[in-house]
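Across the two complexes that follow, chain A remains constant while its partner is chain B and subsequently chain C.
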Partner chain A sequence: MAGNTILEAKGIYKSFSGVPVLQNVNFEVKAGEVHALMGENGAGKSTLIKIITGVYTKDDGQIYWEGKPVEINSYQDCQKLGVACIYQELSVIPPLTVAQNVYLGREPRKGPFIDFAKMNQMTQELIDRYQFPLKPTTVVDNLGIGQRQLIEILKGLSQDSKLLIMDEPTASLSGKEAEMLFRIIQKLRSEGVSIIYISHRLEEVYMLSDRLTILRDGKNAAVLEKKDIIPAKVIETMIGKVVDESAGSRKMLHSDDKAEVRLDVKNLTDKTDRYRNISFQVHRGEILGLGGLIGAGRTEVVRAIYGVDQAVSGEVYLDGKKLNPSPKASILEGIGFVPEDRRNQGFIPLLSTTKNVALTNYDIVKVNGTTISDADELAMSKRAIEAIDIRPSDPNKQVGVMSGGNQQKVVIGKWLMRDLKLLIVDEPTAGIDVGAKDEIYSILEDLAKQGVAIIVVTSDLQELLRVSHRILVMRKGDIVKEFKNVEVTQSMVLSAGQGVEEEAK
Partner chain B sequence: MKRMNQTTMRRLISIGMLLILILLFTILAGAGKGKFLNFDNLIEVVRDASIPTIIGVGVTYIIITAGIDLSTGSMMALVGMTMANIYAYTLLPFSVMIIAGLIVGLLCGLFNGIIVAKFNVPEFIATLATMSIFRALTYIIAIKDQNGVIKSQPMNHSQYAWLGGGIGKFYFVIMAMIVVVIIGQIVLKHTRYGTNLYAVGASKKAATLSGINVAKTRMIAYVITGLMVAIGAVFTTARLQSATTAIGMDFEFNPIAAAVVGGVALSGGSGDVIGTLIGALFMATLENGVRKLSINTAFQYVIKGAIIIGVVIFDATYKARMDRKAKEQGAKEGLE
Partner chain C sequence: MMKNINWSKYSKPIILAVFIIVLSILRPKAFLSLDNFSNVLWSVAVIGIMVSGSIFVYLVGGIDLSIATLCAFSAVVVVSITHLLGDTTAGVIVGVIAALIVGMIAGAVHGVVITTFKIPAFLVTFATQSIFLGLAMIFTNNKIISCTVPAFTAIGAFKILGFPLPVYFMAIIAVISWYVLSKTVYGRYVYAVGGNPEASEISGINVKLVTIVCYMISGLTTAIGGIVLASMTQQASSSTGAGYTNDVITAAVIGGVSLLGGEGTVSGAIFGAVLMGLLNNGLNLMSVPSTHAGLVKGLVIVVAVAFDALQHADQSRKKVKKVKKAAA
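Right, the complex of A and B next:
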């Protein structure tokens, strides 16, 4: 099946502001193979792909296409070679038909007019050849996400692409849609098209790929042939056996069941089925870690608890009192929420620390007649700065210009001004340097000691083990595993999230 | 079950709105008196809808790219006043006067296009500014009497008078509208340029990745609008047989309203010229009916405004619902 090498990247180096992201990475794809690319978050997968597609420029190394060295400086360059990238964020045009999308910007013409008959026929030929469940004349408006993705694939094929790059293609697909995509991938392979398949989902990789390249910390960890793609081995390679044995990668979990229950979640179910029948409790002073793959439904669950999004059924109780699902009610009841997308949802970049801290606390800031007391507002932000050591300590500094770590402290700090019962933090240290990470962990630990219940959602396994007293793992919208009062390793958590816990240990 | 295309659905809704309005006025005005529903009055409605439709073709293109043009009313005045100057101060033939008007329209459109597409000034602000500039230029070049007071310039040219009329009740402006709508629709639906307009409006990023020159596509839409405005100005001055500085005052609202009612979403990427025609007919029917019923004309503006808000709210919620349905349906069917 697989033939000669079609794409080869040799000795690729890339760093961002001095931090190495890729170091001497080699990557090779053969004609007609499905080559999976795996690695933990931050292992360098997307950076490598962006170098191949001309979005980033490499610092060093060489890319070869069909044996010849090539320079790829833009996405157009890579298209010309015959590489098409199926973006996660789909770029189909909804008011146009399937055929119009496939040939957008390259429509066959008769005089000044688009030759619709020919265009539809050309599209039909492609559809027939690869057996796609599409019709050329359907308006994209009426199609589901899976079908829209197929249009992107068709678009690539119509340009005679020999290599398709698919980045987490099943992330937003239903089970049936995903099955259809797998059939099509197999069909494409049999037609000699190569595919780079990036996925966190091991079962898909296991089923589809001919070979697998694993990156770890920006370096090559392994290239596995089909026969060597064994879940336990893959996970071990992704995390690194040495790392897994070392301190910080295994932990004895301790949680106190006898402590009173603060948060009680009962049968929470999502309208669009991103999570279902979620029930769990968090005790006083407990840090509950919520692990699992991106897209497992963790963020959706905590957003529903806080009341930003509403679940279709189920209840949430805080200290025995049923909660109304609304952020305002949650704040008044003593719930704090530190969202995943810090910059867009966590704080207002143009406002000062003072204003950001005050924003969720205007009910407790003193008023002079009808206007807010500036003095009290300032006093509050000084307390926040003191409490968690925000630097710079100038309360008038715009939060947007601070470092990620200090921004996050502002986001957390505003909740400390209240009588907090539950704090939900989603990816609390994403993009934050090591020193600030430790500070944030100790803030969380201090809060727990004061009796606050804490939920930490994180994709960083090391972090999950470091902070959690107890761990729940979600997979495809369900809680699939609880780790409680046992010794747990990164592999165990990852395996549970992947759905391969049995084989892994 | 076959799902109906969103575009088809929206078209049926705007036709339905127009028919309901006609029915409403027919009943309210009284069938016997023939106040509303008679040939002469309906032709009047179509004539009133003509200029908003002609300009609306250009504005439709712009809105499809997710842009807006607030300067069309002022632009119309500037074109009219340019022609009045040629009429008043030169002996140039009628055709030269019209060509000069069309060129001024093109240049105004190009000016908008350059500011918007080359310098990336947000459309709303850019055309709000040129709305002011074009109107001011109209005052500057306006024809004044001995005391320096701006006067209305009569343009009593026999050919011009002819152009303002028609063959019987079949006015030339209506014929021009029909031609412009047909060409406008064909360009939109059957050329690469038309397809590019939709692509730019739906996703500038996707359009760029498909090799479409986004800036050029947007700029041409403004230039086309300038030309359409000039055609509108020619017919307006021909009908009035004069040019004043007040031409096109508050007029920019009309083509935008026509497009929006006709299903051209302000968020870009949808709608077409036929929709705008239906929208313009709807607005003209509304104006006419309100007049016939002797309702205080001030109310007309309240009703117009309310309808626009209603349509935009409807489109936004309807679109969100349809998109969600399509996704759910797609996911459920598994694309067999």
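Right, the complex of A and C next:
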């Protein structure tokens, strides 16, 4: 079924400010095959795709299209070759119809006017050919995310694309929509269209792909043929055996069940079913790691516990007292929350360290009548700067211009000024340099020693093993696995998150 | 070294000084009289009063396009009620209180609609602008109603130490506004909500309530502006305060208040109001015909804002350099 090589990337190198991201990577797609691309976060998948689609320029290496060397310097270049990329962030325009979106910028004309009849007819032909559940005249505004994604695919097909790149296409699809997508992918393959399929979900890759390229730390780890695509083997290759033996890849978990329960979550269920019947406890002085794939519902659960979003049912108890789901109530009860998206949710960029640190703490900063004691506010911020070494140490520095690590310290610092019972941190070290990472880990460990219960949500497996005393793994909105007082490896956590039974030993 | 002087810190006084010097040279006799000085302050006062309140709205990232017509409606309310109660001093007092309440309710409606239905502020206040105009027309039968009750005209005309009363109102309101914004917890929350509403929400701030109160404050100072303006002109009509929406927003922008929210000070806004007053006064003294005044005003505003933007760009370049040095 698969024919000649259509796209080949040879010896690709790429580095960002001196840090190598891709090193001598080779990648090859044949006509009419579904070729999956896998690797952990940061393995270099999206960098490779961005080089193929002309978003980044490579430092070295050569790309061949149908055997001929080509230079791709922009997305337009790659479109001309017949490559279409279906991005996760959809670029469809809601007020327009399906047909108008498909032919946007390339509308068939009759004299100076758009020939709508012809445009609709051309779209209908494409829809019939691949049996898409769409109508050319439907306004996109009324369609769900899954159908919008199909419009993106139609767009690609309408340009006679020979290669479609799909980056996590099922991340925001329901089960039914995903099945529809799989059917269409198989149809496309039988028509000779090639597909590069990037996904974290092993079962999809297993079901769909003819071949699988695995990247690890910016290098080729393996190219597997269909018969070799076995979950245990894939996970082993992704993490790397050698790495698995080294420090940080396995850990003996210890947690103290006799310590008193601080947080007790009972049957928390989401309105839109992103998580359901979540029940767990966190003990005094315990660091609970919450693992799983992105989109497994972890962030949604911790946001509901803190009260930023509301669960439709279920209760949360802190030290035996039932919590009202609101950030203000949570703060007053002794909960701290470090959100996932630092820049948009964590701090106020235009304000100083002092004002950011004080923001949640005006119940403890001295206020004379209505006048804030500037001295007391400043003293608090100096305490925070001192306690966790925020740099620059100028309390009047705007937080927006500081480095990521120090911004995160400001976000954490404001909670350290309070009498905390529970601290929830979501992806605490995303985009932070190694030194600052270690500092943040020791802050968490110190807090745990003082009796604070801590929940760490992280997609970084090494981090999860490093900080956790106990680990819960979520998958598609359920807690699927608990690792407690056992030796755990990165593969075990990854397998649980992927929904693979423990063949990987 | 010259380069180490932080010019941006002094840009506002420098602009003011340049303005005053130019006007003094061009029209020494007319401009430099005490009478004219108090005239400038008089015309500045209304803008100053209103910008001291509407700055709250800009700081939370909103805008209020209904200032001019709410100003007219509150002017109409105070004058009509004074008439209804037989043109007495008591009537003036009741009228003033009613107008202030109308202003606050109008602001509360803005705030509630904007935060509850998540409609952009410019759309909501654009719509209410027309509603207030309509109300002012209905209440006056689309005529000018005059009011010469002494207790009423005193609001705008009475002088203490040579300065008209509105100047004192402006000073008091600006100081209160400065105090609230820089010394109280509520003020801190206003800057936080404007700077990052999502992070504010997560920090336990009632973003909705903070925003609604901002619009109420803006409504209140707009009503005060309307009362003062009506008193100064001894009349009220649907066109009282026409053009003030632009003047107030311009004063804020010239004064360095960001319409994106989270940045700006009352002193900056008052500087903007003074500059607008000087500009109006200058155009008057230079006998620039009113047909050309708008053109000149617009140009001056562009220059002032561009100058401010340049300063900002310069500052951020320095910041980048500093960060790079620190990293090296």
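The working rule: the second predicted complex is superposed on the first by the 503 of 505 C-alpha atoms of A that agree within 3 Å, B and C clash if a C-alpha of one lies under 4 Å from a C-alpha of the other, contacts with A are read in each partner's own complex, and residues count from 1 in each chain.
Everything that follows uses one rule, which is that a residue touches a chain if its C-beta (ideal position, glycine included) is under 8 Å from a C-beta of that chain, and two chains touch if they have at least 3 such contacts.
Nothing here was measured: the structure is a model prediction, and the numbers come from that model.
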item: Fit or clash between chain C and chain B when superposed on chain A; value: clash
item: Touched partner set for A:Ala358, first chain B, second chain C, both or neither; value: second
item: Partner chain in contact with A:Gly144 - chain B first, chain C second, else both or neither; value: first
item: Chain B versus chain C as contact partner of A:Phe337, first or second or both or neither; value: second
item: Contacts of A:Pro395 with chain B and chain C, given as first, second, both or neither; value: neither
item: Greater residue coverage of chain A in the superposed arrangement, chain B or chain C; value: B
item: Partner chain(s) touched by A:Phe347 [first = chain B, second = chain C, both, neither]; value: second
item: Offending stretch of chain C which, after superposing on A, collides with chain B (from 38-46, 128-136, 146-154 or 254-262); value: 128-136
item: List of chain C residues in touch with chain A within their complex; value: 183-185, 188, 191-192, 195-196, 198-206, 262-263, 319, 323, 326
item: Residues of chain A defined as touching chain B within the complex; value: 75-76, 91-96, 100, 104-107, 109, 112-114, 116, 133-134, 139, 141-148, 150, 173-177, 179-180, 272
item: Residue ranges of chain A in contact with chain C within the complex; value: 306, 308, 326-328, 330-332, 337, 339, 344-351, 355, 358-360, 362, 367, 370-372, 392, 401, 414
item: Contact footprint of chain A on chain B as seen in their complex; value: 3, 5-7, 186, 190-192, 195-196, 198-199, 202-203, 205-207, 209-212, 269-270, 322-323, 326-336
